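The structures considered in this document are given below.
In the two complexes below, subunit A is the common chain; its partner is subunit B in one and subunit C in the other.
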Partner chain A sequence: MIEVKEITKRFGLKKVLKGVSFTANKGEITCLIGINGVGKTTVLNAIMNLTPIQSGEILIDGEKISKNSYEKITFIPDAITMLPQMTIGESMQFMKDFYKSWNQARAKELLDFFKLKEEEKISSLSKGNTAKVNLLLGLALDVDYLLMDEPFSGIDIFSREQIADVFTSHLVEDRGVIITTHEINDIEHLIDKVVLLDEGIVIKEFNAEEVRETEGRSVVDVMREVYKR
Partner chain B sequence: MNVIFNKRDPVYVQVVRHFKEQIATGGFEPGQEIPSRRELASRLKINPNTAQRAYKEMEEEGLIFTEGNNPSKVTRDEQKIQAVRGELISEAIDSFVESIRPIRVPLEEVIGLLKEKYEKER
Partner chain C sequence: MMNYVKLVNFELGRFMKIYLVLIGITVVSQIAGVMVSANSYLNIASEEMNVNSLSMDAFLQMYGVFSMNNVTRTLWFFGPIALCAVTLLIYVLFIWYRDWFGKNTFIYRLLMLPTERINIYLAKATAIFFMVLGLIACQLALIPIEGKVMQWMVPLDLRIDLTTLEVIHSFEYLGIMIPTTFSQFLVHYGIGLMAVLVMFTAVLFERCFRMKGIILGVVYAVISFFAFISPLLINEFVFPMFLYPGELFILECVAGFIVIACAIWTGHYLLNRKIRV
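Moving on, here comes the complex of A and B:
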């Protein structure tokens, strides 16, 4: 389980996170939702220890984040970090050389799943396919937790569907996933938990099925109510 | 298997309903093997935890059964199958009555129209 406890973060005088708390379980998909600029990416960066926080703490399976956390968790940014002149195969090789947890068999399976070819150059890929390669490079690591920053943003509907399909497949298996997004429509059925962020705080944290069951409301219904305040 | 989900009912409830329809209409034969939790999640594009929840529910209701480590199967209990059929019929009638009643059509007229439509649409 990832436990985020009362974390605060300032950029200069601007308080971006004002005491954010939530948990994300293994075997579940947790969706961090917020209108742009509310600090979603900052939360992911804090979990990865990529940005120092002013106060609060983050525990991964009960332990404070440290260098060893990188064996358990990976961060998939919203844009690919490989050089454009590299091929998909070369990017995979780079990851393999760099990470102990690289799982080549799973990488190949993901390649098939996304209908991509190793010899294709990153620079020649469509936006949607670039997003798939980016995701592939992270999903092929044998880690317990995956943090994905806006995996659905700015790509065509078919690519979005294909990416959503990964979440219901064995390729994500029983890992813990945290996704940030500002558009939920395509993935309402896929997610377990929803964490609504606004102005640097968590305004609501709930289980999607539970809200449907006890209140007869969709995730979007709840968002509409909460963000209208 | 293709199910269009609405966004306000629990997904697991909608999955159970789909299975009931299949069982009642013979889409699933008694004793037929059903997909694994993972396969179902993949095919219906739903969360695997939700698929698990649906299976647990159906197991408890006696709609499916599992022996040891084998794949789960559709119930062979004829009484159960008839009960599911009865439940679906009753629900369909309820929803029909609920939508026709406010229009205040005499029952005889409804029956006449129903008969005509039912036979024509077949």
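Moving on, here comes the complex of A and C:
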């Protein structure tokens, strides 16, 4: 389980996170939602120790993040994390060289799934294909937790559908996923848990399935209600 | 350890194209320098002896014999050395900043590698150090080749052949780059490595604290500089001429090691606790 406990974060004088707490379980898809600048990406960066926090604690399966944690949790940011001059194949080789959890068979499967070619250069890829490569590099790791920052941002509808298909496949099964997105409609039916952020705090945390079944409302309905207040 | 080696290899690979171009420029420019210098000398010799009917002895008295000394003082020779030095100096900064800037934020990947983050720091420093040593090795290999080219072009009566060591000694900048004793190597390359590490840590201050970090980085670099020269300052101003040269050398080495250790420790701390993407 990923436990985020009362984390605070300041950028200069601006306090972006004012005590954010939530948990994300293995086998569940947790969606962090909030308007731009609310600190969604900062939360993901903080979980991965890519930005320091002022106070609070983040635990992954009860332990603070360390070098070994990167074999069981990975982050897929909205920009590709490989060098533009590398080919997809070289990027895969880089991951294989450094990560024990790299699963080459799954990487090949994802390559076919996304219809990508190993010899293609990262710099020559379209935005949609860049997002797919990013996803491939994260999903091909045998990790327990996946963090995804805006995986649908700025890409065409067909690529979005293809990426959304990943969430229903065995590629994500049994893993804990934390995702931030604006394109909630694409994955609304897949989300298990929703964490709504506003002005640096969690304003609502709810089980999406429960809301759908007991209240007959969608995630978007709840969002509208909360953010219109 | 393996990850560190892989990172060094990766960092070297990233700079390889530019590095090979630098080596190519050095080889071409310096050999061209030998040819141009030798040709110009031979033209003067031919003119003085054939047109002005100067005897060889008189010519040699007037112009001196040709040697590698005539080449090392030309822009053809030290120009590419300066170019390599400036490129590597810029690269000390660029090696970090290129991971942050641009569309592809490679720093995410580097910081998320399942290895101690200090390995990234040490791998970058090692890569720079290897590149410097590689260029020096090329220069050392080039000097005898240039000597051979000179021998092919200039007749024995008009030239004097210098050994590699004599060429190095005859040109002070080469002497700095290619030390002839181990203690010299320790001093020259130790100071170089220390400067690179201090620069790296200063860059990390900037990357961690941005605008505030520039000031912190500059202050840190100044403190490191004074810490390093503190034995010299003490011997000059606090206890004038109190220490023997040997003692001063040992104290300088200790100060150097302390500065290097502090730079690495601070870099380690910043990468683990304060870095932001």
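Observations on the model:
As a convention for this text, the second predicted complex is superposed on the first by the 229 of 229 C-alpha atoms of A that agree within 3 Å, B and C clash if a C-alpha of one lies under 4 Å from a C-alpha of the other, contacts with A are read in each partner's own complex, and residues count from 1 in each chain.
Just so it is clear, contacts are C-beta pairs under 8 Å (C-beta built on N, C-alpha and C of every residue); 3 or more make two chains touch, one makes a residue touch a chain.
Bear in mind that the values here come from a model prediction, so they are computed numbers and not experimental data.
With both structures placed on the common chain, the touch criterion links A:Thr74 to subunit C but leaves subunit B unconnected.
Contacts of A:Glu57 after superposition: neither subunit B nor subunit C is touched.
In the overlay built on the shared chain, the residue A:Tyr99 is in contact with subunit C alone; subunit B does not reach it.
In the superposition on chain A, contact of A:Ile122 is made with subunit C only, not with subunit B. In the superposed model, A:Met48 makes contact with subunit C only, not with subunit B. Of the two partner chains, subunit C is the only one that A:Met82 touches; subunit B does not reach it.
Once both structures are placed on chain A, no subunit A residue is touched by subunit B and, in the other complex, by subunit C.
Considering their complex, residues 45, 48-52, 67-68, 70-71, 74-75, 77, 79-84, 94, 97-100, 122 of subunit A touch subunit C. Every residue of subunit C that touches subunit A in the complex is listed here, in rising order: 3, 6, 10, 14, 102-106, 108-109, 111-117, 208, 272-277. Considering their complex, residues 27-29, 164-165, 167-170, 188-192, 209, 212-213, 216-221 of subunit A touch subunit B. By the touch criterion stated above, subunit B contacts subunit A in their complex at residues 5, 7-13, 38, 41-42, 44-50, 53.
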